[in-house]
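Across the two complexes that follow, chain A remains constant while its partner is chain B and subsequently chain C.
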Partner chain A sequence: MTAAQFRTPWFWLSLLALMLLSLFVLYPLLNILTASFLGDGPSGWMRVIETPKYRQAIANTLILASAVTVICTLIGVPLAYVTARYTFPGKALIALLPLITLVIPEVIAAQTWLMMLGNNGLITKFLREFGIRLPSFYGWFGLITSMSFIYYTYVYIGTVAAISKFDAQLEEAAQSLGTAPVLSRLRVMLPVILPTILASALLVFTMAVGNFAISMILSHRLPLLSVATYQAAVAEGASDITMQSTLASVSVLIVMSVLFFNRWIVRRGRFEIVQGRGARPAALRGLGGLAVGRPSGAVVVISLLPLVTIAIGAFTRSRGPVMQWGEWTFDNLIRVFVTAPGPLVNSLVYAGVATFISIVFSALVSYLVVKKPNILTPWIDYVSAVPLALSGTVLGVGLLATFNSGWLSLSGTASIIVLAYVVRRMPFGMRNGQAVLHNIPNSLEEASISLGVPPVQSFFKVVLPVMLPAVASAAILTWTTTVAELSASILVYSGGRETLPIQIFRLIDSGLMAYASAYGLVLVAVILIPIIVATKVFGIDVFSRR
Partner chain B sequence: MKYNPIAGLALGLGLAAGPALAQDPVLYTSNPVPAYEAVQAAVKGALDTDLGVITGGSGVLLRRIEAEQGNVQGDVFWSSSANTLGAFEALFEAYASPELAAIPEALRYPGDLFQPTNIHLVTIMVNTDLLDGATAPTSWAELADPVWKGRVIMPDPANSSTGYTIAWGLSKLLDEQTYKAVVANVVTSGSSSAVPKGVAMGEYAVGLTFETNSYAYIDGGQTELSLAYPSEGTFQTVEFSGLIKGAPAGETAQKTIDTLLSQDAQIALLKAAFRRPSRADITVSEHVGLPELSAVAVFPVDEAEAAASRDAFLAAWAELPKAGDAE
Partner chain C sequence: MGIDISDLSVAYGTEKVISGLTLNIPEGCFFTLLGPSGCGKTTLLRTIAGFVPTCGGTIRFGGLDVTRLPPHRRAIGMVFQDYALFPDKTVVQNVGYGLRARGEKGTAARLKIDEALERVGLGALGDRHPAALSGGQRQRVALARALVIKPQVLLMDEPLSNLDAKLRIQIRETITELQREANITTVFVTHDQEEALSMSDLVGVMNRGAVEQLGTPQEIYARPLTGYVADFVGSANRLSADLRPHAQGLIEADIGPARILASDALVAPAEKGLLILRPEDLKITPAAQEGVQSVPATVRGRQYLGAKTSYRLDLGGAIEVTAESHETGHDRYAPGDRVSLGIDPALARVIAK
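The block that comes next holds the complex of A and B.
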């Protein structure tokens, strides 16, 4: 640390960034943690220990997340393997996978599963005719099934990326040294791709712990942590924030320990592929093709069902909560665009502003962290990763506890929704930005400065243009995840500021499936159109496999 | 920026369309979409203003009003029962709306701190497709039959005031053994809207819920559903609206309450959301297929006692075995 550091604009920018992060990330988190110990009423931790319902909620959440993680890995890894290594009939469908998870709101997915596997579901009724009785879809069966079929894509995407980077020459070397093909693949490939699989599996674990929408709809009488936190936050008669803060703290602790475990694994063993030459996919035809294609296709079709349901539902007439199947109408969509366009406009505005802020902030801050390190930047790096450990419900509870009143009262304004969006999604832009900047040589910028362009201008004129394609794809990913955000915004929104996901959640809760489907279809369009425009018009590889 | 169409669009929209609701009245409501939309339409017609709506559970809304005391955001709260509202009296301002003249004295809140807007009656909602040979129950006591084990759903009293009304009423109406047998058959749901949905979707044969929720599915044309008002007497809850202290919309907030209580709005609410009106000058069966209040047996419940004993009752309730427990 020298005095010279203070004279650069970068130091002061770092300070500003750290202050913003402290105020909007650390301070709310601190508020939750202190309220769990010092909040009004009996100590939150004592209440958690003494109340069987809360103990069960914690245990159930851990069991659920573990089960979902295992199943997602069992579906995602083989699917990734066959997709990366073979071509077979129907493979093109599987390329749609990453899109599916991004565009289907979880509330709608859960509702669709009920239509198929609930007590009155199509599949349930069909099986009952053969005397097979399925367990009730409310509870473990439903929660595990629907979460697995949504989250397996994260394992799939991670594994596909790892396998395609894997150098096939290693495998050939192993084979030429006398190992059988299948065995050599396992022996050589597994250690290399295992950290990635594990990382995606742990991501699934944390998402299952934090899941709000599906848990809310399907858990019914099974206590779960996220539902208990939400209910503590909105329960009638609960007058202090101690309980919700304590439950949120439990969830933070769980996710933190998972993230540390992940770090530890990643550090422990690392195999570097210096210059990978991915294997060419081998064609599978005939029976082999069918054997692989059928199950893979089935997985994709099942994941697509919610999308089909909302497309049909959006154009189906309804009377109150009852769908009049077979009677078609544009009324539901007219409602979305004409009668009650508020949620659509709100979503576009809030998610748009939040995406803009996230991207600008994360581009600038990752530049500071990677290219202009000073004593503050490691802290910026740590603090900006903290939201990854916070589920939406936890973040919502924290923001409510912090900005509800006091010197910075944001409750009742649109800014608290935008804030929730930015805090929740900014870390993705940060990680993306840092990855890109590591690949931009310093010499580029140094050349610009030595030619007489001031440092800040050099950033805008030299570094930013090189970063732009990556920034654009990060912007689109940020947009898609922001516009679908529900669990934090549902805790902080106020009158007239409903977004599309909030409106869909409320409509499904009131049983109004037709309206919910129409808003759902529009949400899907709002997510898909930028992706399509980006890939087709601007040629940006949004789902870059890298 | 020219490379980033999304951000450009966002910025454009952000500058063009910041939602501004400063002057319009804002309604904090725990009511579902069709209900508050009927009120929005009535306010638009009568006052020519847009009624902003924020929805949520009664508890969260009331605590939000409490938290916003220094910076009041809402004008009117609608609706909750007297025993929920009792704890939040300090947040509201008495308003003797001229429309109260048409509402029976017995329904009114002391000092007109809150205005009775409608009456909820508990119904037994039955999906006749799922009876499997059993007879549709028409009384509370019939639900004690083990044939109903796991086939009856009701809202969780700990999370829902509807659930609390039902559970408390049953504990007073039935003898202890029958009460325990009924409770042993029920499955509770954290969300009260899951109850009619569960019966209508065929998840449960019987649901205990307010008529406003169950009748919507019958009105929608699901002929396999039927409603029963139990012969021993059903439970009634009066729902109130309240004028929030320091309402920013001022006089418009009062006029919003007048509109909410008006005959036109109450008929519209009855037709759209099947809310039984608090006014005495509306004949329910002229508008929907529900019986008149005078034709239904109602079991009187001491609401003050129910509210005062809440914690003890819920603790005892939590100890009782229920059908959903075994997992």
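The block that comes next holds the complex of A and C.
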């Protein structure tokens, strides 16, 4: 650290960024961790150990997350393998997968599964006419099914990327040395792509642990960690700060240990990620094509089902909770746009503001981290990754505990919802921003400075315009994820500030599926329209970076 | 405007990259910093530009101390190795960028831009984006952009290394012409000795953060002061020798199997030194010739290179030298042949070890 570093504006900007991050990320996290030890009566940890319900919630959550992880891997890896190595009828449909995970908010997925397979669901009723009784969709069956059919895409996307980067020459080398094709694939390719599969499987595990929407809607009487945390936070009368913080801490500890386990595996293996020419996909025709195409197609169709269901549901007449299938109406949509447009407006405003803040912040801060490193920037990098370890529920609890009162009282305002959005999205924005900046040579900025433009202006005149296409695609991704955010915002919102996902969640809770479908359809449109406009009109490749 | 550097020190973290460097570059001079990668030449250039902070010493442009001046206020023009053209701006906008920063707009600026583009032969390409230009064209835009602002000092960081061989020679000429025309003090960084020798008024050969020898291209090539310079500029056989004084300003170098008369380029008298023999100065003949200092040798290996043949010769006592033959039939000797190696004392030099 030389005196010269203090003279630049970059140091002071870094300091400001670190202070903001500490206030809005570290401080709430610290509050959660300490509150679990404080408070009147027995400490939260003692109560967790003594209360069967909480012990069960933790055990159930771990079992659920493990089951979902295994199933996702079993679906995702084979699907990835066949799409990376073969062409077959219906393969184009699979290209839609990343889109599906983005455009279908979890709350809508849970809802549509209920509409199909719930006690009053379409399929349940249909099968009942033939005397077939399905097990109740509430509980394990529904939780595992619906989570698996959402999260397998993460395993799929990660594995496809790894396989297509895998150098096919290694496989050929193994064959030239005398191993049979199938064996050489197993021996040579598997060890190389295994870290990626493991990383995406662990990501699924953490997402299942943190999952709120599906857990809340489908768990019914099955205790789960995120549901118990939420209930402790919003309990009628006095919300239980100690308990909610303790349960949130448990969740943080689980996710942290998974993340460290992942790092440990990657380090221990010292895998060199081999990059090279990927193999050309071979065509599968006839029986082989059908054998691969059918199950793959089925997986995709099942993933797409929610879209179809809410589209139908949104135009279906209902009387209270009873859907009158086959009778069509516009009433539901009229409610969304005319009678009760509050959630739509709120969502647009909050997500819009959050997207703007998030993009500006992550562009500037990743610029500091990549291009102007000083003693503070590594810390900025670490702290901005912390939200990865916080599920939405945990973050909501932290923000609620921290900004409920005191010198910075945000609860009851819209700003705490925007804050929750921004913090949740931060690690992704930073990762994207840093990746983009690593590809912009320093000389560009130095050229501008050498021509007489001061450093800060040079950033805006030269670096920012070059970053712009990437920033635009990041903005769209941020928009799609914030507008669908539920688990943190449902804890911090106040009356009159319902967003679309919150409204949908409440309507599902009341059993008003037709209204929920209408709001859901609008939510999907709000997510999809910017993506379509960006790709078709501006030619921005939204899905190249994640 | 000349550049005066005195007692300059630069460090990356705790590692000293340059320490106590003093260098004067006269006004209007085309000065080249020549050295291998990692010798500190780019660091020195970037320190002159102001991108690398100093930790001691001063840098003056025409008497004005700029050591603490930020780079955007140093009135430099800089050409980067990767051109660093702004990809979102057209050629005209790129060239006009520095003018705008100086508040020059409108037709006056446009005239300057057009003139600058005309000078580098790109008058017709003003509306293109950098992506639509070839490597040579990009290099010319970068030159025009640096020169249009009439900088006090032009700094170039290996500007030709991304170009193919033919283009490199073409742009070399463009650069020297423009530099002479504008009479602008220029610091040019390269690891290519041919560029350094062909373009410069003065060359500084850098080694480990210090300028090891400073001189005109002719001096650097013909009269290297150190083994490092001799080997880096051109190539050289470096042989350890015991020295004995001789008449007529010559010195006798005993390399073991032979005693060779050479010119004395020692800084101070010494008993041991390095005998420097350039491969192209050695003459291979079938037998010793009258009046020529000759050493018997055996051919050990040869590489036929078209215009010349390079031979590996054994002088005995495990001493080998490389010699090149250029005359017709230069590939006539074969491994195992006994030959005679003619050495002109004026071209053989003894320097300090």
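Please note the rule applied: the second predicted complex is superposed on the first by the 509 of 546 C-alpha atoms of A that agree within 3 Å, B and C clash if a C-alpha of one lies under 4 Å from a C-alpha of the other, contacts with A are read in each partner's own complex, and residues count from 1 in each chain.
Quick note on the criterion: a contact is a pair of C-beta atoms (placed from the backbone, for glycine too) under 8 Å apart; a residue touches a chain by one contact, two chains touch by 3 or more.
Here the structure is a predicted model, which means the values were calculated and not measured.
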item	value
Simultaneous placement of chain C and chain B on chain A, clash or fit	fit
Greater residue coverage of chain A in the superposed arrangement, chain B or chain C	B
First, second, both or neither for A:S510, with chain B first and chain C second	first
Which of chain B and chain C A:A199 touches, first, second, both or neither	neither
Chain B versus chain C - smallest C-alpha distance in the overlay, whole Å	12
Common interface residues of chain A - those touching chain B in one complex and chain C in the other	468
Chain C partner contacts - residues on chain A that touch it in the complex	2, 4, 441, 443-444, 446-455, 458, 462, 465-466, 468
Contact footprint of chain A on chain B as seen in their complex	3-7, 9-11, 13-14, 17-19, 21, 26-28, 32-34, 52-60, 62-64, 67-68, 70-71, 73-74, 84, 87, 156, 158-159, 161, 187-191, 193-194, 196-197, 200-204, 216-217, 219-222, 310, 318, 324-325, 327
Chain A-facing residues of chain C, complex	49, 51, 53, 55, 70-73, 75-78, 80-82, 84-89, 97-98, 101-102, 142, 145-146, 149, 155
Residues of chain A touching chain B in the complex	53, 114, 118-120, 138-140, 216, 219-222, 227, 231, 233-239, 318-322, 324, 342, 345-346, 348-349, 351-353, 355-356, 359-360, 404-405, 409, 411-412, 414, 468-469, 471-472, 475-476, 479, 493-497, 506-507, 509-512, 515, 530, 533-534, 538
